[in-house]
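Look at the two complexes coming up: chain A is in both, with chain B in one and chain C in the other.
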Partner chain A sequence: MSRGDVVYRTVLTALALLLPLLLVLIAIELVANAMPAVSKFGFGFLTHSTWDPVRGEFGALPLIFGTLYSSLVALIIAVPLALGCAVFLTEFAPRWLRTPVATLIELLAAVPSVIYGLWGIFVLIPLLRDHFWPVARHVLGKLPIFSGVFYGPSVLAAGVILAVMVLPYITAVSREVLLAVPPSQREAGLALGATRWETVTTVILAVMVLPYITAVSREVLLAVPPSQREAGLALGATRWETVTTVILPYGRAGIIGAVILGLGRALGETMAVTMVIGNRHEVSASLLQPGYTIAAAIANEFSEAVSDMHLAALFMVGAVLFLITIIANTLARVLVWRVARGSAVGSTAI
Partner chain B sequence: MTRTLARSLAIAAGSLLVAASAWAQGTIRLNGAGATFPNPIYSKWVLEYHTAHPTVEINYQAIGSGGGIRQFTDHTVDFGASDGPMTDAQIQAVNGNVYHLPTVLGSVVPTYNIPGVTAQLRFNGDVLAGIWLGQITKWNDSRLTALNPGVSLPDQDIVVAHRSDGSGTTYIWTDYLSKVSPDWSSRVGKGTSVNWPVGLGGQGNPGVANIVKQTPGAIGYVELIYALQNQIGYGLVQNKSGNFIQASLQSTTDAAAAAAAALDANTDFRVSITDPDGPQAYPIASFTWLLVPKQMTDMAKARALLEFVWWAVHDGERFTTDLSYAPLPRHVVDLEEQCLKSITVDGHAVLPRNYRGR
Partner chain C sequence: MHGRLIRRLFGSVMTGATYGAAVLAILPLAIILAMLLVKGAGSLDWNFFTKSAVPVGEAGGGFAHAIVGTLIIVGLACAVGVPIGVAVGIFLAEFGGGQLGFVIRFIADVLNGVPSIVIGIFAWTWLVKPMGHFSALAGGVALGMILVPILARTTEEMVRLVPNSLREAALALGYQRWRTSLQVVVRSATAGIVTGVLVAVARVAGETAPLLFTALGNQFFSTRVQGPMAALPLQVYAYALGPYDEWHRQAWAGALVLIMLVLVLSLVARAVVRGKRQHA
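Entry: the complex of A and B
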């Protein structure tokens, strides 16, 4: 190796190591500043619900719960929508429409979160309270997750806003993943007698849950007339090969990655959430009630946190959020790895 | 604390750049940080003062009262600013080396949204505490109707709104509720953030005002300035003398005058002026303070800082009304003059005994 190469390599190595180092430094900083709260509250910090800066009593359960709950609601709303968008854009939309619509959806990601917050306050909340809820209460009112009086600012509003915000991420990545499914596979599916829609659903369902897809695919495959089945086999693929080894693995890993990407965005979102969630330190299963998230609480209380314990408690929830994000990402990695073992194409999308 | 250190380094680096060029011309540069509530008037003062005295450059960063107190304690700024006074423990942390110097006054008003009700409602401490404690839950509660004869209040849920961000406004509001309600005092207490028994949190004055505006039956509290500038209606509050007072700049200054009458010459101004005596005093008001060391180390800086504060509470007060701040009453300014003249560097008074302004 020439001397230039050695220098180049050293510099690049140093730069590459800088990023993990930064991560470690952030973690150390968070934990160090959180120490007073860690030693005073210990594990109880995670299970108690009282957040009283005046008396210096801090429990983060409502914040942790609210963070996870609002993100979960966001994913429940966003994932089907985003996958629907992605499928439409890759399979059904006329060619001239694909790029403009995809660009528009991706533009959603460029809207500043404070704008989403304002939209939430002025449009979404009045809409939910005055138009959605008066109708929906007759159907949903008996469910515990829709109990209580609905004033507007709530976990529901936050979940919907977050769903809109993570939608472009999930759509864009899913679309890339679906585009990466080779044409030959689609053709194989079609050749097996599946309609265009069935082919797509098979791909998508594969992405979601393995046992489910297996059963459905089998039904689909069993319904294929013998002549067509032979046509499929003539294309060089066995039925099981087509469904289980080719269509299933494709995309699944990538789409899980897309969902986790959206989750990460939802967990850490601050401004839009705090503007619509009601900012209440309380654990409530009802979507109609106000809640709070970790990121929102830190943004709200940090600058005016006067006592050292209050500050330490905020650092400690910060560390908890850090941990949640790491766990979510690790889970995603593990899932992607397990799913993509057979064929790693989809996993390169993330 | 590393966090503060990082921030201080950033500020220091910034200051160094400017200072490097400034020192050459004998410019004195003062750094301050703290409360956001008085930021518009402080910015105005800094600008006006710099125009009149180009050799003094003041940099005020509105990072919040809590941050102001911490920066002051860490000696990373020349002066701090806070909407809530430092606690005894915090004063201990700076070895008592701090004066709380009042600059302007703020007050907080209850604002509400009851469909079909346009009358200006009357409240008292008991009712406000009852609402924020979650004990009064309907607008037609007998305690509210008793205060508002002739107003037909509906059988509607009260939706309580409060600040979600830590704020001096919350401090004033909870300080008042603590004084008028033993129940509030023991269950919640006062602070820039408290453990709210009920209600929705909105960020900043606009956040609270929006919850009130958008939610039928809502009640919240906002700074008087915010209400005036945005033409938001608000209720009357009964004071200690039994009068229902409309918050205004005048009734806010009256509150300070009434409370300040009881101050003696050695006061540290760390007084709460909520629920004061005067017949025309609005009961939910407070000083906002500059935090200045009693003993300083750099004579040139000390002189510049004290001259600026002196100018602010004298000449500077003429800018207050335009920006909707209530000016200090005369008696408080007199006491503050004594305070300023007692500040020293190495045992020497910074301002001459006969100082009357620059």
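Entry: the complex of A and C
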């Protein structure tokens, strides 16, 4: 290598090392600024639910609960839809329709979150309050998760908006995962007499519900040439067993990864949630009641923090959020990389 | 035979359900765009683009300060984020085969998933707190930090698309490695890299959370990067939560301008990428 090469490589490497440095610096700043709250409240910080800046008492339980709860609602709505979209885009849609529909779904991710919030305040909340709830009340009103009076800003509204926002990410990654399933496996399913839908569900359902396959049988299966595998497996096992065992190794990890990636997005989403969730420090299981999330609390209170302890408490919840999203993302990427090796997860959905 | 029929029927029903899922997914986009046009388009007049905010009750205020603010802050973000992001991307494509490349790639993906509000408070601790006041500069740097990991990954993908034969040809002609990389490989990926930049810029231009405690927002026209500055998403946020109908009207108009900016950038970028990928 010439001197120019050495310089070139060194400069690029140094710049690349800025990324880990940034990650470490963020962690250090969050923890350092949270220290006053850590030493004063300790672990109680995470389990108490009083948040009173004036008296200097801080418990983050409502924030942590609200963050997880609203994201859970979002996933319950978004995952079936996103998987439906991914299956549609990889299996059923006519070819000419795939690119335009995929682009439209990806554009959902391009809409700024403040616009989702605006839409939530002036369109979604009135819609839920004046049209959805008066009808749904007769059916759902008795359930504890739908108890109380519905004013509009609520965990439900936040969950619905988050669902729309994470949908493109889950769809894009699931689609990538499904595309990585070798065609021969799909053909095997069909050749064995499964309908198209059954083949698909064994790609998805089986992979999520039946976590059971031994490493040995997998290796044996993979060692068999595709043509023989199709015939041979059909002779030896039932169709259900065959299709699930063949397709199982591929999709499961990736699709769970896609869902966790969506979860990470939902957990950290700030503006849209802040605008519709009602911002009340309270733990309530009812979807109709206002809630609060970590990101929303930081957005609302950070620049108006009344004391150093208030600020430290906000840094501490920030550190908690940071930790949760790092874990979620790491997990998601490990799972997806196993299927679609090294692909920039979700990059198509930016 | 009966069982077969039921299974096929079930299959068709579920196939239909996936069509339904796709329609349901696209519906919100259609509704949002329609609402923005209906509620926002009427307020887009000359005043909106040329005047700044006026006190409540006075007619004829606009978003000029916010539009200019967004352009300045995003410009700062590009100045910080684009060179670093692209360089990291080139590193990943050219030298990213080993252990270090794996780690950097992984960290870029993890950084991509860090909530933007966390980046916002980080920028606050590093720039706002030491300087003693909110500033557009801090906002630009915060957005720049969001740009870097996105650009690293898109640039890497684009550089990787360049056929290896091109590199081999240059090396065979006696080019040094670094010149091959920069003048042959990266240069032929330029269009793709620029596209990646456009998509990433479209994304950060709509970011609100990192600006809340950095650029802060401003009701007045300001081009001073050391001081607080307005930005489109911040102004939309403030006006949407405000109590006045006039503010809501302008929030819709501001949102319309914002989404036009974002969608035009992303659609142009997508079109270029698609064309490029088909050629490659």
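Here, the second predicted complex is superposed on the first by the 273 of 350 C-alpha atoms of A that agree within 3 Å, B and C clash if a C-alpha of one lies under 4 Å from a C-alpha of the other, contacts with A are read in each partner's own complex, and residues count from 1 in each chain.
The definition used in the following text is that a contact is a pair of C-beta atoms (placed from the backbone, for glycine too) under 8 Å apart; a residue touches a chain by one contact, two chains touch by 3 or more.
None of the values given here were measured: they were computed from a predicted structure.
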Quiz item: Between chain B (first) and chain C (second), which, if any, makes contact with A:Val149: first, second, both or neither?
Solution: first
Quiz item: After lining up the shared chain so the two structures overlap, which partner does A:Ala136 touch, if you call chain B first and chain C second: first, second, both or neither?
Solution: neither
Exercise. Identify the partner contact of A:Met275: answer first if only chain B is touched, second if only chain C is, both if each is, neither if none is.
Key: both
Quiz item: What is the contact status of A:Ile121 with respect to chain B (first) and chain C (second): first, second, both, or neither?
Solution: both
Quiz item: For A:Leu179, is the partner it touches chain B (first), chain C (second), both, or none of the two (neither)?
Solution: neither
Quiz item: More residues of chain A are touched by which partner: chain B or chain C?
Solution: C
Quiz item: So, A:Phe322: does it touch chain B (first), chain C (second), both, or neither?
Solution: second
Quiz item: Now for A:Ser303: first (chain B), second (chain C), both, or neither, which partner does it touch?
Solution: both
Quiz item: For A:Asn33, is the partner it touches chain B (first), chain C (second), both, or none of the two (neither)?
Solution: both
Self-check item: chain A positions touched by chain B in one structure and by chain C in the second
Solution: 29, 33, 121-122, 275, 299, 302-303
Quiz item: Which positions of chain A touch chain B when the two form their complex?
Solution: 29, 32-33, 50-55, 57, 121-122, 125-126, 149, 151-153, 274-275, 278-281, 290, 292, 296, 299-307, 310
Quiz item: Where on chain A is chain C touching in the complex?
Solution: 1-2, 4-5, 7-9, 11-13, 15-20, 22-23, 25-26, 29-30, 33, 80-85, 87-89, 91-93, 99, 101, 103-105, 107-108, 110-119, 121-123, 164, 167-168, 171, 195-198, 200-201, 261, 264-265, 267-271, 275, 295, 298-299, 302-303, 314-315, 318, 321-322, 325-326, 328-330, 332-333, 342, 344-347, 350
Quiz item: Given the complex with chain A, which residues does chain B contribute to the contact?
Solution: 1-3, 63-67, 69, 84, 87, 90, 157, 159, 164-168, 188-196, 199-203, 207, 210-211, 214-215, 218
Exercise. Please name which positions on chain C make contact with chain A in the complex.
Key: 7-8, 10-12, 14-15, 17-22, 24-26, 28-29, 31-32, 35-36, 39, 84, 87-88, 90-92, 94-95, 100, 103-119, 121-122, 124-126, 134, 145, 148-150, 152-154, 156-157, 176-179, 181-182, 199-200, 202-203, 205-209, 212-213, 216, 233, 236-237, 240-241, 248, 251-252, 255, 258-259, 262-263, 266, 270, 274
